[in-house]
């Protein structure tokens, strides 16, 4: 597992950890049931506070990317886990909601917004 | 682990008022604040080195005065300067400490000395500040202290030694049963490793809680002179005007989104301290 | 228990200075000509210098911080320090035995056990008079600030009668005083006087201890 923290980033440290672990799970770099470093080990390795790693892990857990076993540490959830998928969908929905709100403010129609989305998807 | 409840101390000119904070086991807390804000007074009260005017301190559930001897067995203290007789050799400092702890482990002490590269035959008075700190740490480890209290341990240390010390502290709390409380005015060190921050300003607690909360609660605001409205001015702490604009600190509760023409950015603990201290000066 | 620990710490603190104790023992001997009482007086005062070393070290390294950090209650510090002083008082009494023997060899004057006991009494009372004044003041205000002041009384006690006796009063009064003094000395035996001195010394010690407990608490704020 690779986690590289940037001091120059505007993203808080726990977010940086989260997004990197999330990406590793999604790309398959982190396999199902693989153990993650313990909270305190990770904190020490990255020279960050325990609370920061705790926040990153517990949010990842809520989002269904990892799971904790009492006293045994954190494991990677199966990629297709229901919770993870729901979480990802919820995020898409939330972002689309924001986009719809912004479109309304800008006076765009649904059709125009959908066109914009298609354009963005093509660029990506 | 450590509960400090409403402690006060009246020195006439300087008052420590209603200082409370809580440090759970397994974490590091930084006690920050400008010089003379009451950091050392707070630590001295916890150690019953000076008597408190009011309030309660409990360590591992025991009152720090009623159960003083018991409590102190669990504490290791690292002072900001030498507390041993200068002519003592490092080994003699160890022998002096061993007098007071039934559970003193000479083996651990020797291991720590060699880990720290401390020469047992060197005189304590000839050690550098960093080495003196390490000697006191070795003593704390040798009696298996559960709570480590450090007074300004990083001042006067070069960056590599500071880094080394922080790594040691992280290692120390790794098993989740030990805690560290340290006072400092160099906060760059703390920024990342401290789980909790207690910020004392003018004898009062300005903030106590998770480090991230402190950083997230405030934003640095910058903008052009014309962007500074009267309403905004009232919300800015430690406002500084200069030829091309202004800068200051705002609470996110007061200013939640960027006012026109301004930018908001996350500040460091240092910056939060600088702006709030500037506010005190201008009062 | 904590007083014993503090006593150990104090002895460890002055360990490097034990060498100078021997020097301080030779010094009073230079006054052997003053008789056993003179030796006793010198020893008693000399030992307060030695005993004060620990206060000087305490101040220099701000060791109160150490005392409060280690597992030792406040009262242990003061009690331990008085045990340390008492050990000095005891040592001074023991040291007087060989010193008086040596002195009588040198001078050829016979020294009775009663006289030796009197010398001990003098040393004991002067030690506690000085150290007893020093300890509470050192605890409360620190060594450097108080060092000179605490020797003032002993200087007065030792110097004033000497100056008055030798330079101020007329020859007639001097003779009268000598006569009166030897008359008292005839009536009260050396041993009796020694007992009185020991008792006085113990009273000084106890009063001083009570003051020191308050002084140390006061210094800590």
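A, B and C are the chain letters, set down in written order, and residue numbers restart from 1 in every chain.
As a convention for this text, a contact is a pair of C-beta atoms (placed from the backbone, for glycine too) under 8 Å apart; a residue touches a chain by one contact, two chains touch by 3 or more.
Since the model is a prediction, treat every value here as computed from it, not as a measurement.
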_Of all other chains, the one whose Cα centre sits farthest from subunit C_ = A
*Of all the chains, which has the CA centre nearest the overall CA centre?*
B
*Between subunit B and subunit C, what is the gap in Å from one C-alpha centre to the other?*
45
*If you average the Cα atoms of subunit A and of subunit C to get two centres, how far apart are those centres in Å?*
77
_Distance between chain centroids, defined by C-alpha means - subunit A, subunit B (Å)_ = 33
*subunit C to subunit B touching residues, read off their complex*: 2, 5, 8-9, 12-13, 15-16, 57, 60-66, 68-74, 217, 220-221
*What does subunit B use to touch subunit C in their complex?*
11, 47-51, 68-70, 72-73, 75, 77, 79, 81-88, 92, 95-97, 99-101
*Would you tell me which residues of subunit B are touching subunit A in their complex?*
26-28, 163, 166-167, 170-171, 173-176, 192-196, 210-212, 215-216, 265-266
*Provide the residue numbers of subunit A that touch subunit B in the complex, in ascending order.*
10, 12-14, 40-41, 43-44, 47-52, 55
